[in-house]
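Here come two complexes built around chain A, the first alongside chain B, the second alongside chain C.
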Partner chain A sequence: MDGLLIAIVSGVANGAVYGATALAYNAMFSTSKVLSVTTGHLAMLGGVFGAWFITALGVPAWLALALAIAVGALFGLLTELIAIRRVLARSDEHLWLLSTLALATMVSQAVGLWWGTEPKPFPRLIAQDDTAGPLDQKYWLPVLVALLLAGLLELFYRRTLYGKLFVAMSEDAFAARARGIPTDLVRAASYALAGAMGALAGFAAAQLTFAYFAIGLTLTLNGFIALAVGGLGSNPGALVGGLVLGVLSAVTTYFIGGEFQQTVAVGLLMIVLLVRPQGLFGHPDVRPV
Partner chain B sequence: MPRRPRWRHVALAAALWLAANGAAAQSAIKIGWLSSLTGPLSSAAIAENQGVQFAVEEINNAGGVLRRRLELVTRDTASDPTKAVNFAKQLIFADKVDFIIGPVNSGESLPTVPIVAHAGIPNIVIGTLEELTDPKKYPRAFRAINTNRQWIQPANHYALDVLKRRKVAVIGDTTGYGTASAKTATELLEKAGVTPVYSTLIDPNKTDLTDELNKARAAGADVLMPWSAATGLLARLLNTRGAMQWNVPIVGHPALMAPPVKPLLNKLEYWDNVYAAGYVSTTYDAKGRLPPRTQALMDKLRPRFGGREIDFMFWWVALGYDTVKIIEHAIKTAASTDPAAIQKALENTRNFEGVYATYSWGPDARNGFPDHSIVINLGGSFKDGSYRAAPLR
Partner chain C sequence: MKHSRPALLAALLFAAATLPWWAGNQYQLHLATLISAYWVLIGGLNLVVGYAGQLSIGHVGLLAIGAYCFAILAGAHGVHPALAVAAAGALCGLCGLLLGLPSLRLPGFYFAMATAAFSLIVTEMSLALGGLTGGGVGIAVPAFPPPFDTPQGFYYLCAGAALLVTWLTGNAARGTWGRGLIAIRDSQVTAQAVGVPVFRAKLVAFVASGIAAGLAGALFGALQSYITPDTFPFDLGLFFFVCIIIGGRGSIVGPFVGTAVLTALPELVAPLAKLGTFFYGLLLLVVVLLVPEGIGRLVEAAIRRFRPAREESVPVRPDLARLAAAIREGRG
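After this line comes the complex of A and B, so read on.
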């Protein structure tokens, strides 16, 4: 029973990381209708740079967190400038898939060359022995951050003028531009915001994932599955989707074995796409005529 | 007496130099080196590359082989089997190399070795999966590294006969290598009359192993035997065992004692009661000395490492060094680089003394690494690139 409990706790923590990654997807998608392959790498950067600031440079944890978030925001901004803006301006086709994949590969390789290809430790953020079991900070920190991100994002969208600009662009980018909204600027801001969110999630989860260059692609895939399960564009859906994926993977591994973990994840995606393509919290596309 | 024009002296000197060095000016012997210098499996390859490069430089500085220079053509496969295959084809058909070393990892070697074999190029294999050598299918592929089985058998022996454990939990990872290794480990245990009480395959990026170890404990396991090269997974295994305060011995893959594991441990004592397959060539004797050939290579290379203690597994360097020395030996024995002659030379090689091991191949034997060159090392005993032997209590 203890084993199942810890498996579920671990699944919830991992699900929170997937959910936070899905939130970053949503922030970028709202203004650009792009599902950037770099999304998981934002979290990877948060973990790697957080570890580097704390362990190599000796920076206090709170400052390391701020700097890691800044690195994530900067990379988000660069993603928009390098891989999105020109591609969207020149083509309606899904070429952004290739441009963001290229950028994600480049950043992953660059971090691998600089940081090394072996996982490295992420320091304890709060003094706590490693025998705390399900109460260990590595489990609840990602959950806390995911909930915080979802709450703040909802407040931002509903209560602030800038948030309403995001929503306006999400509804109809052409109409927003016609109304004088600087859509390029808003889109760039949304990528910076997603970068900051991803880096924060990666920083909070790095005790669980280690500071590891290869984790980006895993999070990109699992974050996307969480998004598809929860419903594209829905922030509560992103969290629920992440949770479903994390717990289902953990329980499957517990009862059947690790070799089926990926099959379950991709199988879940297939089932949702076939049965409810708009996801649990999404709305079916209605084509105006 | 009229003086000869100065240009005649110059021409004479040039002619003499050419006569003396004409052989050395012959075309170089090209060695293709397929190495995963970047990507997730680069640690071993980077160390091996040090040995390969040093051996080539050393041989060239001594005048080459048969008075021909060695030219190393390195291709970074980035731990990607597709790139390994493409680079192998490039080395064979565009660069026209005489030999190929590698690829480094079994996953890259599985699709690459048949292509090199089909082209008839002599291939020094440094992947451990059994399937990579076959005197009939790949007659010119000669393995320098041990096989997987040669790691697993001594580890099984240590767990069963030295530690006297019978309730084994076999833990593999979900990669091709981890799956194949766990299967081989289980087969060999069953051959020894022991059926594992618990077997599992774990995603190498799985973030928590408490559930797996709880299940192993509930199954009654009294020894854990992990077969995975993923240092992150192995560190999590040690941390989880420590956090559970379960002092069960762990015996398994060499990566258990790899230096990258150390910083990932929550407490250094979590490395206690850990035993892993290692090499006689990089194991200190009772007086703290290394075998002379290892020590000599280490002394020669240490200035390149900044004169300080070596912080990676030195056996990878020794293996890389030996691959080039094996090629040198084959060329000298065959007195040519003709692939058929090289094959014959290696087939007739007995007790060729390298640093990593002493090798012997035969007409039907393509695995040159001897069983007795494997030893079980103590997990946390890493010092200056080498290890202490595990106690034979």
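After this line comes the complex of A and C, so read on.
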């Protein structure tokens, strides 16, 4: 029974990481209509750089968090400048997929070469002994961060003028441009924002996922599955999708074994896409001809 | 350009046929065999990625299935290798069908993610089904029977398979199917409007690429002689994909040159081998940003600039006398 409880708690925590990754997907998708392959790698950068700042440079945890977020935001900005801006201007459907895939490969391999290809432990952020079981910080930190991110995003989009620029652009980029919104700038800002969000999520979750270069790909995939299950463009959907995916794979791991995690995740994706292609909270899109 | 093609082709064929004699050492022969085995897969994948424009980054999963199928049938069960190769092709074709049926209906990014997930699933399965695949320890792959058991003989087998795939895909690409696939790549809606059976065409191309991947898996496995799940990393699938994009979509020569260069380059230039997949990522980014049509297209454009095609003029000489006679007859 205790084992099942731990399994579910860790599933919720993993689900929160997937949900936070899906939030970052949404932030970039809303302004550019691009699903970036680099999304999961933002969280990977947060974890790896956080560990590096704390263990190698001896920086206090709060400063390491700020620096890791800065690294994520910078990488988000670079993604927009290198892989998105020129490619969107040329308006070929597939090219952004190729350019973000290339950038994602480069960053994950570069981190692998520099940081090493072995997962390394992430230091404790809050003093706590190892006997807390399901109440351990590695489980509730990512959940807290995912909820915080979703709440702050909602406030930002609804209550601030800058947030409304983002919303306007996600509704109709051409109309927004015609109204005098600097769309290139807003898009770049949204990528930096997504980078910061991803890095924060990765930093908070790194005690669970370890500082490991290969989680970027896993998170890109699972974050996308969470997004597709929840519905593209919906932030509550992203969290729910992440939760469903996390708990489902934790429970199957508990009962069947850990060998089929990816199979279960993809099975979930396929079932949702067949039954409800727009996702749980999404709107069916009209295909432009 | 046109008239130099057969000569170039003959020269290439001659070079490939005599390679065991002029290759400097066994290693270069091994490299040529590897390129041939890769090309069997990439040639098939080219129909999906280069022609139909469906971005599959997970074909390494099909390669692994083919290799394991060959190893298990020919090794553990003592099936004749030729039959085992056929079974590997058939099994991968079936897997391609099962993967393609749901995923080819999805838009681009979804499809790419589904194929990426498929290759991860295959890795998981090959670890989980230890009784069949040897798990993480791996499994030995038997060599082909004589005359294909020597490096030279095996090279000819792989080169022959590569030639066959090139010929088949070349034929398919030139015909109605190939035009239909290109139409799907350029605009799915337009293709549908002019009567291309979009889903069926994509599925046929995908299943064909699956069969090719199965054959390639058997050849690749026999070349490696021992396979573990680590023999088929996700990066290898990315490599296949990058070869096609860099070579240029909608061409056969471009991706072949891409395969040969990208396979040989890291082996011959040591610093690149250390960078490994990072180098492929960088190359992909540079090509996408600077020459999205691929390097092959760039070379063609350069050739055209330096050797402009002769302007062919067909003068129109109406047969005025006959016309006049016809008109007169009509009046009369």
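Note that in this section the second predicted complex is superposed on the first by the 284 of 289 C-alpha atoms of A that agree within 3 Å, B and C clash if a C-alpha of one lies under 4 Å from a C-alpha of the other, contacts with A are read in each partner's own complex, and residues count from 1 in each chain.
Definition applied: contacts are C-beta pairs under 8 Å (C-beta built on N, C-alpha and C of every residue); 3 or more make two chains touch, one makes a residue touch a chain.
Every value quoted in this text rests on a predicted model; they were computed, and no experiment measured them.
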A:224 touches, of chain B and chain C: first, second, both or neither? second
Contacts of A:275 with chain B and chain C, given as first, second, both or neither: neither
Partner chain in contact with A:113 - chain B first, chain C second, else both or neither: both
Chain B versus chain C as contact partner of A:89, first or second or both or neither: neither
Contacts of A:99 with chain B and chain C, given as first, second, both or neither: second
Partner chain in contact with A:35 - chain B first, chain C second, else both or neither: second
Which superposed partner A:265 touches (first chain B, second chain C, both, neither): second
A:131 touches, of chain B and chain C: first, second, both or neither? first
Contact residues common to both interfaces of chain A (with chain B and with chain C): 109, 113, 257, 259, 261-262
Of all residues in chain B, those that touch chain A in their complex: 38-43, 78, 173-174, 179, 200-203, 205-208, 210-212, 214-215, 218, 231-232, 235, 239, 242-243, 245, 260, 263-264, 266-267
Chain B-touching residues of chain A, taken from the complex the two chains share: 2-4, 6-7, 10, 13-14, 109, 112-113, 117-121, 130-131, 133, 138, 208-210, 212-215, 218, 250, 253-254, 257-259, 261-262
Residues of chain C that touch chain A when the two form their complex: 53, 55, 57, 102, 106, 108-110, 112-114, 116-118, 120-121, 124-125, 127-128, 189, 234-235, 238, 245, 274-278, 280-282, 284-285, 288-289, 292
Residues of chain A touching chain C in the complex: 35, 82-83, 86-87, 90, 92-95, 97-99, 101-106, 109-110, 113, 217, 221, 224-225, 228, 257, 259-263, 265-266, 269-270, 273-274, 287, 289
